[in-house]
Amino acid sequence: MNRDFLNARLLAGAIIVGGVCLMALISLVWTPYDPLKLDIANRFAPPGPRHWLGTDQLGRDVLSLLMRGAVGPVGVSISAVTIGLVVGATAGMLAASSGGVASYATLRTSDFLFAFPALLIAILLRETLGPGMLNAMVAIGIFYIPIFIRVSYGASLPVWRSGYVAAARVAGRGSLWIATVHVLPNIAGVLTVHTSVQLSLGVLAEASLSYIGLGVQPPQPSWGRMLLEAQTLLPISPLLAIAPGLAIMVTVMGFNLLGAGLRQALDPRGAFIPESEAVR
Amino acid sequence: MIRAFAAGVASLLATLLVASVVIFAAMQVLPGDPAQVMLGVNARPDTLAALREQLGLDQPLAVRYWTWVSGLLTGNPGVSHTYAVPVSDLIAARLGVSLPLAALALALAVAIGLPLGMWAAARRGRAVDRGVLIVAQLGIAVPNFWLAMLLVLLFAVTLRWLPPGGFPGWDAGAGPALLALVLPAVALALPQSAILAQVMRQSLVDVLAQDFVRTARAKGLTRGQALRRHALRNAFIPILSVLGLQFPFLLAGTIIIENVFFLPGIGRLVFQAVNQRDLIVVQSVVMLLVAIVAVVNLLVGLAYAAVDPRVRRAA
Amino acid sequence: MTVWRMTRRCAALILGVALLCGGPAFAQRTDLAIGVRLEPPHLDPTAAAAAVIGEITYANLFEGLTRIDREGRVIPGLAESWEVSDDGKVYTFRLRQGVFFHDGSTFDARDAVFTLERAIAPDSINPQKALLEPIEAVEAVDAHTLSVRLKRPTAQLPFILGLPALVIVGHETAETNRAMPNGTGPFRFSRWHMGDRVDLVRNDRYWGEKPALSRVTFRVIGDPSAAYAALMAGNIDAYTNFPAPEHLPQFEADPRFKVVVGRTEGKTVLAQNNARKPLDDIRVRRAIAHAIDRKLLIDGALYGYGDPIGSHFAPQNAGYVDLTGRYPYDPEAARALLREAGAEGLRLKLALPPPSYARRSGEIIAERLRDVGIQVDIVPMEWAQWLTDVFRDKNYDLSIVSHVEPNDLDIYARDDYYFNYDSPEYKALYAELAAEQDEEKRLVLLKSLQQKLTDDAVNGFLFLLPKLGVWDARLQGFWENAPIPANDLTGVRWER
Amino acid sequence: MTLLTVDNLEVDVAGRPILRGVGFTLTRGETLGIIGRSGSGKSMTALALMRLLPQDGQARGRIVFDGTDLLSLDEAAMCGIRGRRIGVVFQEPQSALNPLMTIGAQVAEGIRQHADVTRREAASLAAETLARAGLDPARVSPDRFPHELSGGQRQRVAIAMTVAMRPDIIIADEPTTALDVTTQARILDLLRTILRDDGPALLLISHDLGVVATMADRIAVMDEGRIVETGPTRGFAGRAHAPQVRTLIAAATLSREIAAPVPPLPEHTPAEHPPLLAAEAVSRRFGLPRAHPLAWRQYRRAVDQVSLSVQAGESVALIGESGSGKTTLASLMLGLQTPDAGRIAYRGQDIAGAGRDVLRRMRADVQAVFQDPYSSLDPRRKAGWIIAEPLHLAGPIAADERDERVAEALREVGLSPDDANKYPHAFSGGQRQRIAMARALVTRPRLVVLDEAVSSLDVVAQARILDLLARLRADHGLAYLFITHDLRVAKAIARRVAVMHDGRIVEEGMTAEVLTDPQHPYTRALLASQPDFSAFAA
C-alpha cells in the first residue's frame, strides 16, 4: 500500500465530508427551491434545467430535498457521537486511571449498554418521547457510549501507565491535571479516528431510524425517510429512491475514508487502533 | 475453560437480571392503553375496564413484574394481550424465521467476506487488493434496506426469479421457505461481508508481517504453507471479535429487513407488538434480544478461549 | 418401423411434458391469494375493532342475522326474514334452518340469544357495544324464532346486526374463536401462519350456494411496495384495498390486472378540537375550511382517486347533500377570517396517525395552512398514542383521520367525543332522526344534520377514502365498494 | 574451508539503500560476530542471507553458499535451503513463536518439512531436541504453548527449532537482547554446547559487544550499512582503527568515560541525621487474577519486608533482574504506590500520614528518571514544558524565571537552551534521557531515583549519560538511588549496592566489597554472568 493511495483516502474523505457538511449548512439558509413547497401539478418531473434532479411525488425539488435532507443524518450523527464521545471517553479514561471497583463497574455498565440494540432503544424512546431528531440522537448516543468507553479505556490505559504520567506524579501533579494535560491529548488521536469512523456509522444509523419513521419528522426532509417514501415509487420514479440512497452511501464512505486516512496520518503503525476496531 | 465459562455465565445472569428490571420499567412509561388499542374508537369505558381486568393490567407493578420474571424462568412469560396465545409460542414461531435468516446472512457474509479478504491479503498492494478495498468501502457504506429495495426491484419485480417478500412457512417445504429468505439474507449479508473482507485482509496482512511467520518461512515453509498453517488461524482472532461486535448490528438489521420483506420474524413481532401495546410481548422479545446479544458475547469469549491458548489461561 | 415407434414415443413424451407444464392452465382455478394490509391481532370480530378481522372473516367464516351487501343494503343472513312491531320496539327474526357451524353443531335461536347477550353483558368487550345500548332484552321464542325488545325505536337495528362485530358465534366455541374461529360461513378456517397469512377452505356443508373457490389465503403485506411487488410477481392474485394509489396507473396499463376504484365509507376529516382556543372560534374553523384545497389533496395524497366531501356523509348514501362548495378554496378569505378573529400568527399541532393518506394529507394541509399564516407542527404518532392522546385525552389541536363506520352522524351528538363539538341544536336534530321511522322524513333530517355540521365547520371535511381494488383480470365477483370493511368471497370465481 | 561468501551485497528497501557493499566469509565451524548500533543493517544482512527481505526489499551482489549463489536460486530451491542448511534464531522470543501452536509442534514442523518422517517420529525428535536445548520434557512439556514459558525458555524453543534440522549455518540475530543477564549467560552456554556438539558455523548478530566478544572467533563491525572493521576477536580492541569502532569499544568496556570518581560520604551518625529517604520494612503485594469469581484472591508479594535507605549525597545501586521487585520498591519510595506494610520515611517522617507541605517538600527534594526514554516524555509537549512541569512545587513562578530555570537545567544536562522549543520526537534516546534528567534537576533536588535509566540506551549513549550523572553528583552533591540490572553500571556509579531477588534484599554492602566478594549465591550468579572482555582486549 503506497502512501499516495492513503493520502488520497484522507483527501477524498475530507472533501466528501466537508462537502456534505457544507451542503447541510447552506441548505439551512438557501436551497434552489423551498424544499417544503408543493407543486403537485408538476410532480415526478424528470431531471432537467429547472429541477436538476427532478421533482418528487408532491412536486418538491429533489435537489433541495437532498440538500436539506443532509441536516438530519449529519446533525444527528454529530450530536450522537458527541454524546457518546463526551460520556464514553470520560468514563473510559477515568476507569483506566483508577482500576479497582470503579473501573470494574464502568466496564460492566458498558457491556450492559452494549447488549441493548440501539434500534430497540430508539423504538422505546419514540413511544415515550415522541419521534424526532432528539430521540434519534439520544438513542444512537446511548449506543455510542459503550463503544467510546472501550476505545478510551484501551487507549488511555497505557498512557496512565506511561513514564510521563509517573513523572508527572513525581512532579506532584494530581489525577485531574494528569487526565486533562497528559492523557487526553495523547488519546485524542485515537478518539479522532474513532469519532470519524463512528460518524459514518451514525449516518447509517440515522438513515435506518428515519427509514422506519423514528428519525427526522415530516415535513422536514431526511434521506432515510425520502427512501421510505420513494420505496413505493421505485417502479415509477427510480431516481427518487436512488438519489438519497447514493447520498447516504457517499457520505458514509466519506467519513470512512476520512477515518482511514486519519488513522494512517495519526497512527501509522497501528499501535493504538487495531484495524478490526477502526474499520467498522 | 470451565472456569471461564462459569464466570461468563455468572455475569450473563447479572446482566439479564438488571436488563429485566430496566425493560419492565421502560414498558411502564410507554404511553397508550393496550385495551383501547384493541377495542378501537367505539369502545366504552366499562368495556375497556373489563378488558384491562381480563389482561391482568389492573394488578400492582411488583406482582406483574414477578409474574413475568418467574414466567420467563419457566419458559412461559405470559399470554399475549392481542393474540391470546402464550408468548413463548408466539416467539418460538417467529424465531423459526429470524434465526434461519440471521444464520443464513451470517453464513453468506462469512462465505463472501473471508475469501475475499484472504485473496486481497495474499495479493496485497496489487490491483486485486485495491479492487477489494474499494468494493469493501462501497459495501460498508450501503444501507442494507436500500440494497433490499434495489434487490427486490431487480430480482422480484423485473426478473421474477425470487419472491418479493413474505414467508410461506417451513411446512411449505424447505425449498420455497429458503427461497423466500434469499433476498433478505443477501441484503443483510453484503454490507457485513464487506466489513469482514476488510478486517480479514487487514488482520492477515498484520499477521503475515509478524515475526513468527518469518520464523516459519525460515524453517523452509513455502509462502503458502506459512499462510495456511500459521497466519490464518492467528488472523481469525480479530474476526471473532468483529463478529461479536457486528452481531447487534446484524440483529438490528434483521429487524429492519424483516419489515422490508414482510417476513413474520421477531423484528416484525416487536414492531407490531409495540404498536398494539402488547406489552408482555414487547418486554419478552426485548428481553430475548438482549439475552441473545449477551449470549453471543459470551460465546465469542469462549470461542476466543478455544482458538487462543493465551486467553484460555488468563480467563 | 423402429424409427416410427421412436418418434411416436417422443411425441407422447413431449405431449406429456406439455400437459404437465400447462396442466393448471386448462383446469379451472379454485384457489385465491388476497393481500391485506395489517396483521389481524386475532380472528374474533366480536372481540376487537381491527378492521382486518372483518376483512378476513366477514361473510366468509362468520355470518350475522342480517347481512350487508355490496351496495351497503341490509339483506337476510342467518335470519330469513324479520318483522317490526308497530311501535318499532320489538323485532322478530325468523332464523334459517339446516345451518351448521364448522364444528358440526347446529345453529338455532339459542346461539343468536347467546351472541347478543354476550355482546351487551356488563363484562362484554364487544367493540360495538355502544350501538347495542337500545336493546332491552333478547329471547328465543322457539328454536328458530328470535325476538329483540328495544328501549326505544331504533330503525338502525337490522343494519347494526349486520355489522362484523355482531356475527353469530356458537355458545360452546365463543371463547376459542380468536385462534380457531368457528362460524357458519361458506369457508372454514384452516390455518393461521401468524405474521404471514390465514388459510381458509371451502365449507362443503354450507347452507347456501357453495362458493366457487375451494381455498383462500389472506396474505399480510403491509408495505405498499411489497404489495406492488407481490402482485406483479404473481404471489398474490388480488389486493382489494390497495394501499398505494400511485401504482394504480401501472396496474391499469397492464392487461393482466383489473383495477376497480370504488368507495368506502371512510369520511376523512381534518379533526379539530372545538373546545380549544383558538379553534373554539368559528371564524378560525371557517378560515381553515377555506384554506383546504380538496382538489390538491386528492391529487397529491390519493393521486386523483377519491371523492371530495363537504360534510360528514358519504355521497353514495341516501340523503346525501353536496356541500363541497360551501367553503371554496380561498386563501384570501381564510386570511381575512383569521384577521377578523384576531388570530394571526397561529401555531397549531397536527397529530397524524400512521396510514399514508393521513401522513400525505397532513403534509399538504400543513403547507396550505402555512400559506394563510398558520404555522403547523406535524406530530406523527402510532395508533396507540393517537388513541390515548387524541381520542381519549383530547390533547390535540388538529388531526387527520378517516371515520369508516357507516351512518355515524351520531358521533357529533355524543358528549365527550374527541371533536369536543357541543351543539344543543345538533343534538336535538339527531334525537329526532333516531326516533323517526318514516324514510322521507329521515332523509330530510339527514340533510339538515349535514348542513349543520358544515355551517359550524366542526371539522375540515376532506374526502371519501377510495377503495382501490386490484386483481387478476380473470377474477370476477369482488365487491367494488366497501360499505363495511369486508371481502365477501361468496361470489368470487375465476373466469373459465 | 569457506562455507559462505558474501560479496558486495547491496540491499534496498522501498528504494532506500540499507546495505552497501557488504562482504564477509564464514568457514565451517566458525563463529563470526557482527556488531553494530541499531539501524546499522545487521538484521537486514541476516534476512538477505535467508532471502526473507520485506516485500519491497531488493538484494544485489553475491551470496555464495556451498558453491551456489543463493540470489540466483528459485523460490522452491530456496525453501530447501532455509531451515535445512541455514537456520535462524530471531531476536524476539516473544513474537518469533506462533502463539497458537504448541512448542513441540513448532519444532516438529521444521523436521517434517525437510525429512521424510512420520508425525510420531517428528514429535519424538522434537522432544529430544527440546531436551537438548534445555527444556526437559518432564518439566516443560512439548505440549505447552509459548505464552506459558519464560523469555529464556522461549529462546530455547527458538534455538531447538533451528538446531533440530542440524543446519550448516546458524544465524542468531540478537538472541539474548531481551533477556536478563543470568538468562543471557545460560543461553550463550547453550549455543556453545550446540556449536561443540553439532559443529555448525554461527553468525552471531548483536549490539552487545560483551556477547560477541565472549562468543565469536572473528568480529565484523557494521555501521550505516557497511562493514567498517573485521578481524579476529583476540586483540581486536587493540587493532581497531575506525573511529566508530573505537568509541563503541570504549563505551562498552566503560574504560575511561566516567571522569568523576565516586565521592566519599560525609561523616555522620544515623541517629542524629535521619536518612534522606528510607524504606522501613515495606511490603507490597499484588492480587493475581481470580480463578473464578468466588475464589479467594491469591497474592504475589512483589516487595517483601524490605528496608533500604539513602543518605544525603550518597549513591546507592539497587540491583536485580526483571521481576525481582526493584521497580515496585522504587515506586513505593517515590510515593507513587502505598505500601501494604511498613513505611516510607522522608527525613525520618512517614510520607503516608504527612501533610501537603511535607509532601511538597519531598517532591521537590526527591525526583526521578524512568526507564523508557520513549515513554517518559509526553510526546505532545515541548521539552521546555516537560522540564518545567515540576516547578510548580516551588510555588508560583514568573514566566521569565521559569524559562531561566529550564535553560539552566538544559545546560546542566549538556543540551542547548534552544532545545526547549522542540518536541520529544526530535531527540535521540540519549537526549531524551537528558531531558528527563533536566526535569528531575529543575527543582534542585537532593536525591534522584533512576529506575533503569540507561538500560534501554545503546552503549555509547549509556556511557555518556553515566558520565553526566557523575559530573552532576560532583557539582551538586546529589544523592542517587540507581536501580539497574547491570552490575557494570552499578559499579561505575554507586558507593553502596543492594541486591534484590524475589522481592527481598539478599545482599547489601559497599560496592567494592559486594562485587569482589559476593556472599549470596544469586549475587555470585549475577557476577558470573558478566561478559569477559579479557581476550578481546588483549
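Chains: A, B, C and D, in written order; residue numbering restarts at 1 for each.
Here, contacts are C-beta pairs under 8 Å (C-beta built on N, C-alpha and C of every residue); 3 or more make two chains touch, one makes a residue touch a chain.
Quantities reported herein were computed from a predicted structural model and do not represent experimental measurements.
Chemist: Taking contacts as defined above, which has more of them, A-B or A-C?
Modeler: A-B
Chemist: List the centre-to-centre spacing of subunit A and subunit B in whole Å, with centres computed as mean CA coordinates.
Modeler: 22
Chemist: What's the distance between the Cα centroids of subunit A and subunit C, rounded to whole Å?
Modeler: 44
Chemist: I'd like to verify one number: the distance from the centre of subunit B to the centre of subunit C, where each centre is the average of its C-alpha atoms, in whole angstrom.
Modeler: 38
Chemist: Just the number, please: Cα centre separation of subunit C and subunit D in whole Å.
Modeler: The answer is 86 Å.
Chemist: Can you list every residue of subunit B that touches 2 or more other chains, as numbers and ranges?
Modeler: Within subunit B, the residues that touch at least two other chains are 11, 31-32, 124-125, 149, 153, 157, 259, 274.
Chemist: Counting only residues that touch at least two other chains, what does the list for subunit D look like?
Modeler: None at all.
Chemist: Pull out every residue in subunit C that's touching 2 or more other chains.
Modeler: 223, 225, 228, 232, 382, 384-385 - these are the residues of subunit C that touch more than one other chain.
Chemist: Chain pairs in touch?
Modeler: Once each pair is checked, the touching ones are A-B, A-C, A-D, B-C, B-D.
Chemist: Name, in rising order, each residue of subunit B that touches subunit C in their complex.
Modeler: Per the stated touch rule, the residues are 31-34, 36-44, 46-47, 50-51, 54, 82-85, 90, 93-94, 97, 149, 152-153, 156-157, 160, 163-169, 259-265, 268-269, 272, 274-277.
Chemist: Residue numbers of subunit A touching subunit B in their complex, please.
Modeler: 1-2, 5, 108, 111-112, 114-120, 123-124, 127-128, 200, 204, 207-208, 211-212, 224, 227, 231, 234-235, 238, 241, 245, 248-253, 256-257, 270, 274-276, 279-280
Chemist: Can you name the residues of subunit D that touch subunit A in the complex?
Modeler: That would be residues 331, 334, 336, 359-360, 363-364, 366-368, 370-372, 375-380, 386, 389-390, 392-393, 436, 439 of subunit D.
Chemist: Give every residue of subunit A touching subunit C within the complex, in rising order.
Modeler: Interface residues on subunit A, with respect to subunit C: 36-38, 40, 43, 57-58, 127, 130-131, 213, 217-219, 231-236.
Chemist: Could you list, by residue number, the parts of subunit C that touch subunit A in their complex?
Modeler: For this pair, the touching residues of subunit C are 223-225, 228, 232, 244, 246-247, 250, 296, 299-300, 359-360, 362-364, 366-367, 370, 378-382, 384-385.
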